[in-house]
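Here's a structure for you.
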Amino acid sequence: MKFSLQINEGPYQHQAADSAIQFTKAALAKGHEIFRVFFYHDGVNNATRLAIPPQDDRNITAEWVALQKEHNLDLVVCIAAAQRRGLIDEDEMTRQGKDANNISEGFRISGLGQLIEAGIEADRLIVFGA
Amino acid sequence: MALLHTVNKSPFESNTFDACLGLAKSGSTVLLIEDGVYAATTGNSVADKIKNAAGINFCVLGPDLQARGVEEKLAEGIKVVDYEGFVDLVAEHDAVQAWL
Amino acid sequence: MAKKFMYINRKAPYGTVYALESLEVVLIGAAFDQDVSLAFIGDGVYQLTKGQNTKAIGQKNFSPVYMALGDYDVNKIYVEKESLEERGLSLEDLQHLVWEDEDNDYEEKDSIRLVSRAELTDVLDEQEVILSF
Amino acid sequence: MALLHTVNKSPFESNTFDACLGLAKSGSTVLLIEDGVYAATTGNSVADKIKNAAGINFCVLGPDLQARGVEEKLAEGIKVVDYEGFVDLVAEHDAVQAWL
Amino acid sequence: MAKKFMYINRKAPYGTVYALESLEVVLIGAAFDQDVSLAFIGDGVYQLTKGQNTKAIGQKNFSPVYMALGDYDVNKIYVEKESLEERGLSLEDLQHLVWEDEDNDYEEKDSIRLVSRAELTDVLDEQEVILSF
Amino acid sequence: MKFSLQINEGPYQHQAADSAIQFTKAALAKGHEIFRVFFYHDGVNNATRLAIPPQDDRNITAEWVALQKEHNLDLVVCIAAAQRRGLIDEDEMTRQGKDANNISEGFRISGLGQLIEAGIEADRLIVFGA
């Protein structure tokens, strides 16, 4: 079956970000397809490559990146939510005249239409949030 | 049609669980996850709500129960699932409503 | 074939960003020609109150945008009766949202459907994609 | 000693307001801000809680009432303050407890 | 002069980060020689449950750290009786937190003080700095 | 009177971040001193210089920076919370081998001891959160 996920909260502050990863791993283990993971609201904060979690704790972004590489996941960060919260990629950095960027490899920035499409194309949409 | 409802808030701190019960149709399933798992424990002020919700199937995410040290308090009639069981529930129902 | 999309709004405006960012999805989603409904439940009904004035809190007042939903063919707006009553509100306290029926000489029709919890239960049960905010 | 309590959650969605009332001592002040201001409105299912809370002073942040379009629903006996009034309340009380 | 610092813990562990990050402040704060108390109210009482096992959710189990509070001279830990009862819990369900009284031949004493809501109201009323999580 | 603030939530997602700014402005307008503003939990996200809010909306970080300049505010970002969430300054970037940093001017990164000190030194501590 084809699943899409929407993630509304950032890493660490709410368990939603963890639950989404555990769900994704289990779905893939059972042979399902993840059509897309869409990061919205504070969920965009999952996509930073600058996080340095404590060594004895999980690294949520790194887990997504590893899953992305292994399963070629489509990890999409909402551009409007990301701009508001200071998550930008190299293109945005250049376009907006900023001096740095912080989006991790494995994630791509795009519009809200990608969320609607995720709902249309997948058999199920599951929302994780707070 | 049957919906899968997920509830991730404590029934003692938030009205989310009540809101879900108010709009869950007979034949649908409620899966308690994250802080929502406390609703699956027994001997407390919300325990009757599950007993009185006729026609609703209740499941709870075991990993979240274990994390919180309340596995032994599990009320009767609630099925414990792991993350793969969560995935199965999503697949078996027609759509998922997350009560956030 | 169009899918039944339901946007569930359960949070008050301004205290959190969900109301605003939900509205943004609805507007973008309107371009996709799906069968779209919105439900306002619990504190979500506060999103639709008249007379919002955000000047003193420094946030943008996005409540006028709800008036534009009809122009985007978003005209199935379910408001739960019990949620209004628990909060001491009636339809009079909400904005009057309308749409123009182009199949009926552009007659202006109400977008808000005041429904009981039991009626809303049946509406939810028919949905294929449920986005929660 | 008198504490200033701030409540920023809706009384319809969260038990925060109840928790505050349970632990607010007579003579203390409860300031309703953000989504907490709905507790200051009248004609609803929580209105009696303020009426029955003897000895507590209730204030509400006007800017948050106005933002939400419920200024006209304000219940009796609740003082409306602006942000400068909020600052005064903090200064006038011995400590602030934020009910988050 | 030492100030009366109160840390109010009202949230369940793991669902949000507050319990963990509150504990981090308490440990750092212990070095400042203030008059420190902790209160566990509402779902905050769940932070102290025995037998937490977070392996399957991928988070770190920080519950053993509460056992160390006594070594940091953090030994005024108020647990609200009514909050426990509403949740079907008793002191037996919580970790047994102790400290060693160096003024009394290092006698081991209980850190948890089970208090009624009315008693806790008076304790809160005396505080000078209240940190909420 | 001397006030300290603790801010537990990031910008936009919760009003707490806005309320804290409005409170600070009002306190300064009334002649009070702000001893320190301590950003903890997701509150650290207020300190990013990479945010690009919509032009018709407020820019929360920019408001803090303006207040900081005018009143020489001490805006302190919790280092542990910030590392977890990917908010780092130039020193941290170098030390941790990251390729970018995102903390705005006007903010400084420091430890939790600064929060305790803020409670000790100020006449009142006010917490804004969710």
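We just call them A, B, C, D, E and F in the order they show up, numbering each chain from 1.
Convention: a contact is a pair of C-beta atoms (placed from the backbone, for glycine too) under 8 Å apart; a residue touches a chain by one contact, two chains touch by 3 or more.
Predicted model, so just to flag it, every value in this text is computed and none were measured.
The chains that touch chain A as well as chain F are C, E. The chain pair with the larger count of C-beta pairs in contact, out of B-E and A-E, is B-E.
Because chain B and chain D share one sequence, their contact can be compared position by position; here over half of the interface residue numbers appear on both sides.
Bringing chain C onto chain E by least-squares fit of CA atoms involves turning it by 180°, to the nearest 5. Ranking all chains by how far their C-alpha centres lie from the centre of chain E, first place goes to C. Look at where the CA atoms of chain A average out and do the same for chain B: the two points lie 26 Å apart. As a whole-number value, the distance joining the C-alpha centres of chain C and chain D reads 28 Å.
If you average the Cα atoms of chain B and of chain F, the two centres end up 38 Å apart. Among the residues of chain E, those touching two or more other chains are numbered 10, 14-17, 42, 57, 59, 129-130, 132-133.
Along chain F, residues 8, 12-13, 15, 19, 22, 41, 57, 80, 125, 127, 129-130 each make contact with two or more other chains. Multi-chain contact residues, meaning those touching two or more other chains, occur in chain D at positions 8, 12-13, 15, 34-35, 63, 82-83, 95-96, 98, 100.
The full set of touching chain pairs reads A-B, A-C, A-E, A-F, B-C, B-D, B-E, C-D, C-F, D-E, D-F, E-F. The residues of chain D lying in touch with chain E in their complex are 1-3, 15, 19, 22-25, 28, 94-100.
Listing the residues of chain C that touch chain F in their complex gives 14-17, 57-60. Touching chain A in their complex are the following residues of chain F: 10-13, 41-42, 45, 48-54, 57, 61, 80, 83-88, 92-93, 96, 98, 100-102.
In the complex of the two chains, the chain A residues touching chain E come out as 12-15, 18-19, 21-22, 54, 56-58, 130. Those residues of chain E that touch chain F in the complex are listed here as 3, 5, 17-18, 21, 24-25, 28-29, 31-32, 34, 129-133.
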